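So, here's a batch of structures to check.
Two complexes, one shared chain (chain A), two partners (chain B, chain C).
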Partner chain A sequence: MGTLLFEFALTCYFAAAIIGMVDLIRGSKDASKLTVWITAVGFILHTAAIIYRYLSAGQVPITSMHESASFFAWCIALLYLVTHFRYRIGILGSFILPLIFLMMLASAMLPREIKPLSPALQSSWLLIHTVFAFLGFAAFTVAFGVGIMYLLQEHYLKTKKLSGLFLRLPNIQVLDEINYRMITLGFPLLTLAIITGALWAEDAWGSYWRWDPKETWSLITWFIYAMVLHIRLVVGWRGKRAALLSVLGFVAVLFTFFGVNFLLKSVHIFE
Partner chain B sequence: MSILVVGLNHKTAGVTIRERLAFSEQKLEDGLLGIHALPDVQEAALLSTCNRVEIYASARSVEAAENQIKDFLAAFHGMARADFESSLYVHAEADGIRHIFRVGASLDSMVLGEPQILGQLKDTFDYALTRKTTGIILNRLMKKAISTSKRVRTETRIAENAVSISFAAVELAKKIFTDLSTKAVMLLGAGEMAELAARHLVTNGVQNIRIANRTYERCCELAEVFCGMPVRFDEYIDQMTHVDILICSTGAPKFVLIKEQMQRVMRERRNRPVFIIDISVPRNIDPAVNDLDNVYLYHVDDLQQVVDSNMLERRKEAEKAEIIIDEEVGKFMHWLASLDTVPLILALRQKADEIKLEELDKFRNRCPNLDAATSDAVQYLVTAIVNKLVHNPTVALKENADDRELLAMAVKKLYGLNGDDDE
Partner chain C sequence: MRGELMLKETDVAENQSQKSSIIDRIWSGLASIKLAVIVFALISLTSIVGTLLEQNGDPEKNLKVIAKFVGTSAAPKVFAMLDGLGFTDMYHAWWFVALLYLFAANLIVCSLERLPNIWKLVRQPIQALPADRVSAMPVRREVLLKSDRDSAASAVQAALRSGGFQPAQAETDGMVQFYAEKGRYSRLGVYMTHLSIIIILVGAIVGMKYGFNAHLNLLEGTTSAVAYFGEGKEIPLGFELRCDDFSVDFYDTSDTPKSYKSWLTVLENGTPVAIDGKTTTEIEVNRPLRHKGVTFYQSSYGYAPNRDSLFKFVLTGRNGQKESVSLKFGDAFTIPGTTVQGVVADFSPAIAVDQSNRLFTYAESMNNPAVFVEFSEQGKPKYKQWILKRYPETWAFPDGTVEFQDLWGSQYTGLQVRKDPGVGIVYAGCLLMSIGLYIAFFTSHARVWVLLREERGTTRVMIAGSSSKNRVAFEGNIERLTQAMSAKEAV
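What follows is the complex of A and B.
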């Protein structure tokens, strides 16, 4: 049942991503609408899958790479839907859905068995820490997608290629605004995730900070976004440079999430 | 009854002939009623705009009506037929319907896809309706012309994307800014095109306008027109800090804004985006300004290119529109044919016969022991009743009276005959 819900959600995201791609190339209002609604259906199924797993495992279902990637995808879908219904940008889905789908696909390919949680991780910190972390990461992901849209549109405006996709992308000001909002949402969440992580570490392992790779990379990510906000507010960097930095930040996010787990040894690899 | 269109437009007639054949507002009523009174014209409507004069009619005989209309035009405008006949086009039947649909969908307009013509067409028919010169055929044709035009607009992109320079400037501004009403515009130097662009920006919500000009009087004059703020010419660089859209047409022989100046401005603006439109020839603004982040500099040539490519796009969309129109013409022709009385009478009789046979069958099944004589008598009785009931409608339809289409519609509806195509 839980697997089935998960697979259905994955299928919805896949269909939405494909329709989004078609929309990107061909351009059609119906395709944009379809993307949103299929995503919404996928999101509901996905929510049900997560709840089902929570009930059957009896623990917060963010304890393995499979569960984490799935929850990451869920957070992106949530923020995408909120952004869509706030700003009504049809083509946004074409840029975000592939990211949701890829995250979900990564989750689908990772081992799914429910492992008993090691005593060190059994704590209410788990829920608080991971929710902050993944919502923050999801906000950065949306900022990345919107940043790409900004860079494209800015390129079209500068080089005066005013046809095709240019006509379907929204104005650069609104893209800059969403990018900024997502970073101002993601940054405090990441900050809280790091703080709660430190408190939890003190609780579980007896020290706040141990320069574990995950901790280090989170900090690097945190510094990148701190810089984005700082130069925006103090120097007035906006637009293209802010968008480029949010792309860089997203690379750090990906490495913090995937790279550390697969390439480096960390206490965060759920073992 | 046939659809007939007689008219001329910007493609077939020069402005002098269009002017002479145009119906001014005062003459419109006389013209319309005069055409309606022609012996072979049954319904009529009259469209007269600066680009076209067209007469739409439902005619008893196409050739006769065409002749009468041409004679009427000559008499009404005091011209010889030979003077304008070569400029006229005549479309009848399906071609006439297609022409009206194409006009309504703005495929026949000087600026392809421009929206005004549909409104003018609506006015034409509304006017005819108040003067009672139209009937069921033209009324339906009007409704269909309007709905076809809407279909074309929603199913193709014929009316999307600006095809004039000042509109293109506004469209671009909307791709840079979310809300034009909070943005400040400055006109640097004035000229017809700059003013036009400014006017379009105002209709799109811009409220804050500054005007800088070498002669301060002209500056104040323009400021009054736009409810704007006059700015001394030597202060325009300082003002740039507060200006989001700059329209420049000073006619100066050298650049009035160079990269270094703009760099300073951008620092002061904290990099808020600026849209600069340089309408001047030679250029007044250093093209290198476009290299700065968050500055979008467009020269009038760039805008002209946008307009040209949009026009090309519209022509492509027009091909799709023609397909839609063919489809709608087909539907209308089908409806017209359904008003033809001969097949209608046949359909009516057939329906009556079907009912008769069906009921006779039922009756015979219910009384299987009937002798042949009684059965024949019943059949005779039923046939007589049905024939009598159908007789009068048949005669009325055959009469070929002027209200024949109306009758045909009524018969179709009352007897439930192929009533599929009437929404």
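What follows is the complex of A and C.
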């Protein structure tokens, strides 16, 4: 049942991503609408899958890489839907859905068994810390998608290719605004994730900060987005530089999540 | 929009660099946001290297990591260079610490440079403006109300109040003007956040200067007045700590630990001290023991069998009579209500059966402890059996049950011992940062001016304003205010 819900959600995201890509190439209002509604259906199924797993495991389902990637995808879908219904930008789905789908696919390919909690994870911080972290990461993911749109749009403006996709992308100020909103959402969330992580580490590992790779990488990510926020204050540095940095920031987010777990040695790896 | 004011101040800071005094130049250099961005980049880039190389780790491993990037032949040279620059213990290297100090200095100077103007803005209440300045505001709406000036004025006031504003009234250029603001303190959010970072850094420095980070392995039943750091250097605790017991629980029949627990007693001048009303405190991961500023964390455990270790059994005779016994290797016990005696003849901390049904010890820790007990009655051997702590089905005998509880005194608890008087400061900084970021990103300083001009029985109303950030949302708010004015008038 849980697996079925998960697979259905994955399928929805896949379909929405494909339609989104078609929309990007062909351009049609109906395709944009379809993308949103299929994503919404996928999101509901995904929510059910997460609740089901929570009930059957009896523990917060954000402990293994499979569960975390799935929850990450869920958070991106949530923020995508919120952003869509707030700003009504049909083409946004074409940029975000592939990311949701890839994250979900990564989750699908990782070992799915429910593992008992190691002693360090048995804490009420688990839920708070992970929710802050993944919602923050999701906001940065949307900022990344919007940043890519910004860079594309700027490229079209510079090369004076003022047709096709250019006409369907929102204007550059709106993109800059959404990018900024997402980062001003993601930054406090990441900060709260780091703070709650520090409080937790203080109890579980005996130190609120010890330059563990996971801690350090989240700090690196934090500094990159702090750069985005401050770069906007320097005359003439806003816009493109902020968009480029939010792309770079997303790379750091991915490394903080995947890279540290798969490539580095960290006490934060629980598998 | 956000930062309109900041930009002007940056220009001020940049202009100052033309002055000749060196102190002025350093000051204006430190007041630059460009410097801040560069420092963020430097901290990030160097930290990346710090996470790729294992800190204070095995040089061989780090050589391998470097070889992946630059090839095997160049690796030793690059390693020697990075090692020389302190990258193998970089978070304590002088230049990284210097970078953090530069970060702090930049943060302080930037804030001091900009705070006075912001403070003025926060302290000075909003004032009525001449009509031409109102109509030059970035966000404007106009609406025609079908009533005279006085009833229009009360509709405007009601709308402003319902929008959370407390309007003041003035007469300018023959027109009635209402003006109001809210969220003035929102402008301070940035500075609260900056201050919180300084507080956190101060907390970290206090911790490094006046605290310590040590460890202590304590065998069940033993007491220590010191902890150890580095290569066996002693740190006095100021009291004594005794480990009364240690135990690991596993998930079902697996070797996945569910919890590690230690039972600890604090002693002062040889007498147990009550902590939270109890002299023995149970600690586990996520639940440390704190006493006099020193915190003991459950961090590891180990197995160190010795002659003084005690086998603990709960014996139950067939008549239901229960008895707990503790005995050393080779000592005998009697099952209650019988003359059957048992002697511990063998022990394994982690027993398992191999494919040919032979018993073997699979781990050097108490994962699955078992005792081999030989029973006899009046000197005649009766039966013998392995008794496993985790498997109650091995406890039963014709003459009663023998529950094997523990080999007490053979396990030690690995404690991390830490004193950090800076933690409270760091936490206060974290709290301030959360509040500061909330104020900085989720509140804004909104100002509105409303002009009323009577035109032949109707009233033309102009609503204009500015917000310190999030112009799109502010435009929505102005729109709602405009609609509210028409609605209030209709009533």
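Just so it is clear, the second predicted complex is superposed on the first by the 267 of 271 C-alpha atoms of A that agree within 3 Å, B and C clash if a C-alpha of one lies under 4 Å from a C-alpha of the other, contacts with A are read in each partner's own complex, and residues count from 1 in each chain.
By our rule, a residue touches a chain if its C-beta (ideal position, glycine included) is under 8 Å from a C-beta of that chain, and two chains touch if they have at least 3 such contacts.
Just so it is clear, the structure is predicted and the values come from calculations on it, not from any experiment.
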Chain C versus chain B on the shared chain A, clash or fit after superposition: fit
A:239 touches, of chain B and chain C: first, second, both or neither? first
Which of chain B and chain C A:166 touches, first, second, both or neither: first
First (chain B), second (chain C), both or neither touched by A:223: second
Following superposition on chain A: angle at chain A, chain B versus chain C, Cα, nearest 10°: 150
Superposed model, chain A: greater residue contact from chain B or chain C: C
Chain B versus chain C as contact partner of A:184, first or second or both or neither: second
First (chain B), second (chain C), both or neither touched by A:119: second
Touching partner for A:157 - first (chain B), second (chain C), both, neither: first
Which superposed partner A:231 touches (first chain B, second chain C, both, neither): second
Touched partner set for A:204, first chain B, second chain C, both or neither: second
Shortest CA-CA distance between chain B and chain C [superposed frame, angstrom]: 6
Set intersection of chain A contacts, chain C complex versus chain B complex: 177, 237
Sites on chain A touched by chain B in the complex: 153, 157-158, 160, 162-163, 166-167, 169-174, 177, 236-241
Chain B to chain A touching residues, read off their complex: 160-161, 172, 174-178, 267, 269-273, 290, 293-294, 296, 298, 302, 305-306, 309, 313
Residue numbers on chain C that touch chain A, as the complex places them: 2-3, 6-7, 10-11, 33-34, 36-37, 40-41, 43-44, 47-48, 50-52, 54-55, 91, 204, 213, 251, 254, 256-260, 284-288, 295, 297-299, 416, 418, 420, 423, 426-427, 430, 433-434, 437-438, 441-442, 470-472
Parts of chain A lying in touch with chain C, wherever the complex brings them together: 115-116, 118-120, 122-123, 177, 181, 184-185, 187-188, 191-192, 195, 198-200, 202-209, 211, 213, 216-217, 219-220, 223-224, 226-227, 230-235, 237, 252, 260, 264-265
